[in-house]
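Can you keep this structure in mind? I'll have questions shortly.
Chain naming follows the written order as A, B and C, and within any one chain the residues start at number 1.
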Amino acid sequence: MPFLRLEVLSKKFGDFWALREIDFSINEGEIVGLVGPNGAGKTTLFNLITGRYRPSRGKVLFRDQEITYCKPHEIRKLGISRTFQSCRPFAKMTTLENVIAGRVFSGKFRLFPQRIDIDTAEELLELVGIAHKAQTPAGDLTLSEQRRLDLARALATQPRLLLLDEVAAGFSPVAVKQAVELVRRVQQKGVTLLIIDHFLTLSLRVSDRLFALDHGEKVAEGTPQEVMRNREVIRAYLGMRHEEP
Amino acid sequence: MRGTKTTKRRHQELRLADSILLLGFVFLLLLPVLARDSDYVLQVFTHAVLLATLALAWNILGVSGSISLGHAAFFGVGAYGSALLSLNFGFSPWLTVPLGGLVATVVATLMGLICLRLRGAYFALATLAFVEIPKVITDNWDGLTKGSLGLVGLPGFTALRLGRYSVDFGASPAAVYYLVLCSALLLASLVALIFRSNLGLALQAIREEEVAAEAVGVQVQRYRLLSLLVSGFFTGVVGGCYAHLIRYIEPGLVYGIHFSAVPMIFAICGGRFTILGPALAALILYPVDQFIFHPLLPAGHQFLYGAVIIVAVLFMPSGFWGHLRKGQFALLKTRSVE
Amino acid sequence: MWTSVFVSGIVLGSFYTLISLGFALIFGATHTFNLAHGELLVLAGYVAYWLWKAFGLSLLFTFPAAVVVALLLCFVLQRLFSLLSEPRELNSIVVSFGIAILLQNGMLFCFSGDYRLIRVPVLNQGFHLHQIYLSYGQVALLALSLLVIALLYLLMRHTYVGKALRATIQDREAASLAGINVSGMGVVAFGIGAVLIGLAGPLYGCIHYLYPTAGPQATLLAITITIFAGIGRLRGLILGGWVLGLAESATVFLWGASWRELVSTIILLTVLALRPHGILGRDER
């Protein structure tokens, strides 16, 4: 029984197909990398899974339950969380409040944040390595700190499936190494991960499987080695490299 | 450490802010004694405190990032609702003022249904237009509201008796002042609770980054509606108080753009992201307007409000109190990182 | 009877389009809302009133002065708007709201709160055309409105500045890629907008009472018609004006003048509910 299954999932913007007939599944406990050049449709796929956009066709199933047209907060309740390519921190709130906000809207509604919410939030900040910035407004963090914060906020929702959108983009080699460890630790907590990773810095090291997209279509799927040897993937990436000056 | 110097300055700023607050509070408490000889001064400050309450109520919606230019709708409905109930059924204002607030909440629901699908500038424009609906209806429903003639001879707040003590609001301007001050303090405490609760967290998250708020499970529209309803209720309550204090209302007065503009201006000048900023701005600007500009410029003294809002938006978007009190938002000052 | 409702609706609607043009142009080119639009219009009317009353100037000669005053103020406005931070649309509303308060109080100071009207007796006379009574005022209003609209149309179609402005309004990014100075076009839009306000103001003073707080009503009309039209459609503006004018004159005929103010509100809220970016315009993004 697959954990997450996408069936002929398609998304059209105007008359442009951003995603076309994606069939794909993830098993529980896996780390899957989602790769592809700019504009391939990776972020759009996340937006479909998390209910931000409605698909034009197809289905999303999570643990055998159809969630295709669920609202974002319902999907969040089922245990799917995400980070954002552009981070989107709550800029005027402190770093700690950002993470608390990730936690308190998941379960039963309580009027005030509980001690345990605060403690968990602080632990998570510790985990991603920005505990010393707890009282800083999130808007004042550096980009890489904001990425960590975004991750901590997503983890605070206690997800079963975590979707990471370019978490390691722009990280230094040291930071990438830390990120690899972090992802492993998250996995050990029993979280399944789907990682968008344009430059393959992270996914080549941690993924069990890769899934490659180009122009909204699936071009390859398999172990990292297989996918990296795939001619279409190479062409998609080389094509992209040629375009760059 | 690099941070120490700025931390020190921050602390000084915070201490300054706290001292201003304390001094201001003592001043407000002692005002009826200080202004023993002048009913006018007391009257101005009573109105200033009322406007402060209005600004606090406005900011319950404002904190979610929505700027309303239509709060006069709630103010007017609250005033008319309370006035009509007391005139037609002889209820005491103590009862009709909250009921007026409920009527305003109904109108806020209507506004929510129509306007909350919109964001930012379009929400503001829609609320600006929305005011016309209750206004024109009030104006035309002659049988009930006497139309544009307005309602006169509204009952004032009746005396309160507590055992042997009794406070007569009709005879004592100071009692009225303390009544208004108490309600302002109550609302300020409620706003402080809201800001520090998960509701406040949700509203701030919506304001900062709606998409991310949705992704962490905030039901955006539900919270926006809730804040609009609470804001509308208290605005209606203030409208009702106003009606029974002034004892005369007409549509052009209570639905006038003034009561939409003034809370917005105070909230933005004081600081939309702070608890007390909106109230403080009202307590400073209204007396300045009345004591300094009104004698100088009997016609046109309200240009002050226009000037301060322009300056605030362009040069101090977080408001003067927000500026003095950066970090007031921090939910928890525990375990500060030194 | 309905024909005269129709005729007065069209006349009124054309005039509404005229008074909305400046607002719509500024919104289209700079994506800012000028909530002081109505105040500028009323001020232009006051300028004309003052020249007419104090110096006995013929109405025709008051237009240049009104235009000059509107230009000066729009220049100030443009400078202030250039300081706006994000979100610009919303902040422009708040800032121009402040300017509206400034202008209202300025007008109260200069002209007092009394109701003023520029009385041109000949405009109240009229004639019958197939049983429909038309006043010269209505004819002049219709003719002048359509004339200004036609001039604006020619300007936008056949001059370089007009074409560049149109391109800016339709797609700022594409226009700037094509080498058009988009922010410069913003200044031009304020300039042309000011001229349009200066032309409409004195006419406004002939058919509406002038008083310091008359502005918001006119602003609301301009907002309604502009949002009805969507971005960059002169045709939409004319259609919007007519719809509003017809709806108002029908409302007045059926239920009385006191319900008139609700008409633009209902149209605006309906349009916003259906589509936040105007019913003839394209969706953004």
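To be clear about the criterion, a residue touches a chain if its C-beta (ideal position, glycine included) is under 8 Å from a C-beta of that chain, and two chains touch if they have at least 3 such contacts.
This is a predicted model, so every value here is computed, not measured.
Colleague: Using CA atom means as chain centres, which chain is nearest the centre of all the protein shown?
Modeller: Chain B is the most central one.
Colleague: Which chain maximises the distance between its CA centroid and that of chain A?
Modeller: The chain farthest from chain A, judged by C-alpha centres, is C.
Colleague: Distance from the CA centroid of chain B to that of chain C, rounded to the nearest Å?
Modeller: 33
Colleague: Need the CA-centroid distance for the pair chain A / chain B, whole Å please.
Modeller: About 42 Å separates the centre of chain A from that of chain B.
Colleague: Quick one: chain A and chain C, Cα centre-to-centre, how many Å?
Modeller: So the centroids are 49 Å from each other.
Colleague: Which residues does chain A have that touch at least 2 chains other than itself?
Modeller: none
Colleague: Going by the contact rule set out above, which residues of chain B touch chain A in the complex?
Modeller: Residues of chain B touching chain A: 196-199, 201-202, 204-205, 207-209, 211-219, 273, 327, 329-332, 334-337.
Colleague: Show which residues of chain A lie in contact with chain B when the two form their complex.
Modeller: For chain A paired with chain B, touching residues are 50, 52, 71-73, 76-77, 81-82, 84, 88-94, 96-97, 100-102, 104-106, 109-113, 118, 122, 131-135, 137, 153-154, 156-157.
Colleague: If you look only at chain C, which of its residues touch chain B in the complex?
Modeller: 33, 80, 83-85, 87, 89-95, 97-106, 108-109, 112-113, 213, 216, 220, 223-224, 227, 258-259, 261-262, 264-265, 268-269, 272-273, 276
Colleague: In the complex of these two chains, what residues of chain B are touching chain C?
Modeller: Chain B residues touching chain C: 67, 69, 114-115, 117-122, 124-126, 128-130, 132-133, 135-136, 139-140, 257, 261, 264-265, 268, 297, 299-303, 305-310, 313-314, 317.
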